[in-house]
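For reference, chains read A, B, C and D in written order, and residue numbers begin at 1 within each chain.
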Amino acid sequence: MSKIVKNVEEAIRDVNDGATIMFGGFGLCGIPENSIAALVRKGVKGLTCISNNAGVDNFGLGLLLQKHQIKKMIASYVGENAEFERQMLSGEMEVELVPQGTLATRCMAAGYGMPAIFTPAGVGTEVAQGKEVRKFTFNGVEKEYLMEYAFDADFAIVKAWKGDTEGNLIYRATARNFNPVMAMAGKITIAEVEHLVQPGELDPDHIHTPGIYVHRIFQGEKFEKRIEQRTVRKK
Amino acid sequence: MSKIVKNVEEAIRDVNDGATIMFGGFGLCGIPENSIAALVRKGVKGLTCISNNAGVDNFGLGLLLQKHQIKKMIASYVGENAEFERQMLSGEMEVELVPQGTLATRCMAAGYGMPAIFTPAGVGTEVAQGKEVRKFTFNGVEKEYLMEYAFDADFAIVKAWKGDTEGNLIYRATARNFNPVMAMAGKITIAEVEHLVQPGELDPDHIHTPGIYVHRIFQGEKFEKRIEQRTVRKK
Amino acid sequence: MLDKNGIAKRIAREVKDGMYVNLGIGIPTLVANYIPEGIHVTLQSENGILGMGPFPFEGEEDADFINAGKQTVTLLPGSSIFDSATSFGMIRAQKVDLTILGAMEVSEQGDIASWKIPGKMVKGMGGAMDLVASAKNIIVAMQHVNKAGESKLLSKCTLPLTGVKCIKRIVTEMAVLDVTPQGFKLLELAPGVSVEQVKNATAGRLIAEGNIPEMKID
Amino acid sequence: MLDKNGIAKRIAREVKDGMYVNLGIGIPTLVANYIPEGIHVTLQSENGILGMGPFPFEGEEDADFINAGKQTVTLLPGSSIFDSATSFGMIRAQKVDLTILGAMEVSEQGDIASWKIPGKMVKGMGGAMDLVASAKNIIVAMQHVNKAGESKLLSKCTLPLTGVKCIKRIVTEMAVLDVTPQGFKLLELAPGVSVEQVKNATAGRLIAEGNIPEMKID
């Protein structure tokens, strides 16, 4: 039973209309760009996407947005995307804005088999509407917390730097971000990697995502790795 | 403000009678043996120890046990220690047995600033006595979960393979075990390492415990690294 | 009647290609020795290993490489190491396909007792409560009767429980049995064991319908 | 009146040796440029960095190395990388000593609004709600009045909140103020700014007792 799929089309073969999908990445950093492009080509519709951001107008999840493939977006920050704002304000797309830490922790909760977690983020704000608020004394301080539920995603699609045929993944620098917590959380987890290697080539002490979480893995055909804000200093 | 302390005595200088301490390690693997020995020498009493195991009669936490320094032990498995069993059955020492995953997750909860977590472990058993039981539907299955509280420990004492002067830690193989989750959870975290190195010598992508969690670090004088069950096969 | 290795051999037949398997201490550990050729199985050890290998060669043992039974082990190519919270996270999230563990008692409801004899022995539950509460597929490997000759398959457990309504299948030296709403359903007999013998050794309700086949082991 | 860099300079004086500091987008980011020599500070970026360094040299930028503002950055020796759950875990657990962020409005109770203008702009809260709900020490860096000339220091916020009763200190182009049970307490004035000017620019209760010293910046 090999986890290797021969290409991105095979990896997303059963991602159908109406699926709930987690996408790793922060901004355009560490996004599964090959898989996103394939989902655009496949034309699946009515997707619920869980991702910290929504890409930019012509890259990342912005490509799915342009084709109106996203029914609902669950994200923490969507500021860099004019088409997103248009679809949201016009009501064409449903949007659930979630604090970034809550987003990450709801992924983690799913990956750790915890149905719900408590966080102080959003207490007293509109994020708390309709949610259970509970007081806990933690480290000697009494404080209110929101109960937030683990995400329930059909697929997690992540991008790693290196992966082996057992599904073990290693991320590079801040391209790690949401990828490990989402990889743990998907019912089916698809990993696209820059370098697919043989078992034994990755140091067991340095694996970020143990292979048990990864169901399908492939080496991406091409990684553009676009930079959103190129900031440099002179030599 | 350096995190480096010159020796183990300085590292445990303010561990006083009645302190609650987390000890990393699984069995005798990855235990902070220099710190344990120093606590024995210091003679602090009335300790509450949170550790998966309680050492063996003449090594690890067993040494603190022999000197009657432990008031209460919170552990998941204590089967290898005759003196432990004696003190427990005689009532000399208070014992709270906690499922291993619950133990780890209660540490993690503290490290992640989550006052409580939900786990199915122990539902319907004596572990559930007096605890809140709550039903959740998670991944389509309704199930009962116990609410378990984050630990509140004055100190976490961990052992790592390599550490740098910023407090970043890397563990080796299964000596990792509880060390990273406890390192995150202590109000004051003390790390003894086999190799203390300069900033920049550890790859940022391979740090298991970011330095922010570690308050004091030192290179242990001597590591015996005793093996509990030597099992081998013939060449 | 099977010996311990026989029980392990029979259980090894439940292991399928691609599975992630957690083996408890005792008989379950022996299962690793009998996994059929050509089947790729990854062993999880709850102290933080995926891809656990055999014991090290003499002189190559290393204190930093142990399994959940504190035995020195090796890692296979493609293995990974993780912390205890992650380990039990993957257990709770049902990423581990099959859990095999020992027991002192199993009830016909699928309850299991395995960690405590009041006033006598309290070693602690270790990871057993987490495993039984979460695993989607649990096989108990144990003797059918205890050292006093009393059945360990009961209508109700007498010892403190490890978990409730969680055990699906039991393999003993005498038989393979499933826990069903009607009771222990006898599926297979060990070579040379009769239905009558299993009935006598089973205190809980036993269902033995039709012709019970003999276990296939080798 | 201070310019943006002046505000950043003043805030940099709040940063102490050994601190872990999270800097928000905008003015807070500038604070990094003014941290006094000889003080060792570790910058946290909530996308998963401890030990964030300056922007890369031209031609050395790398798409895999960005900060929470999506800008290309470098790592300093002794840095570490971690996932988003760990990042916000350390924020919730109050391991980050000081958080500096911008705001649209702050109330005299310490409430903050910073993420949404109904019907107009909804960028999302990003990590701001997590940061303000957890941080033990938060400084807001902002202009005293908005582009329409209206005060941003109010008795009550009018925009959707980011967090309640969490802001301790505010540094604007005009003043340093603390949030106290009695209202905004004026601590320091920017060079050339009078108490009267601050009063006029502050819609919430302002407490200006005794002789208000001038800010020290350089």
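By definition in this document, a contact is a pair of C-beta atoms (placed from the backbone, for glycine too) under 8 Å apart; a residue touches a chain by one contact, two chains touch by 3 or more.
This is a predicted model, so every value here is computed, not measured.
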item	value
Any chain in contact with chain B as well as chain D	A
Chain at maximum distance from chain D, centres defined as averaged CA atoms	C
Centroid spacing, where centroids are CA-atom means, of chain A and chain B in whole angstrom	32
Rounded Å distance between chain A and chain D, as computed from the means of their C-alpha atoms	28
Whole-Å separation of chain centres (CA-atom averages), chain C against chain D	56
Where chain B touches two or more other chains at once, by residue number	105, 110, 112-114, 119-120, 139, 172-173, 176, 204-205
Sequence positions of chain C contacting 2 or more other chains	75, 81-82, 85, 89, 91-92, 94, 134
Chains touching one another, given as label pairs in label order	A-B, A-C, A-D, B-C, B-D
In the complex, chain B residues that touch chain D	1, 110-114, 164-166, 168, 184, 198-200, 204-205, 207, 210-213
Contacting residues of chain A [partner chain D, same complex]	26-30, 52, 75-80, 85, 88-89, 95, 97, 99-105, 107-108, 119-127, 139, 161, 172-181, 208, 225-235
Residues on chain A engaged by chain B in the complex (per definition of touch)	105, 110, 112-120, 136-140, 143, 145, 150, 152, 170-173, 176, 187, 204-206
Chain B-facing residues of chain D, complex	17-18, 20, 40, 42, 44, 50-51, 75-82, 85-86, 89-96, 134
Chain B-facing residues of chain C, complex	45-49, 54-67, 69-73, 75, 81-85, 87-89, 91-92, 94, 111, 119, 122-130, 133-134, 160-165
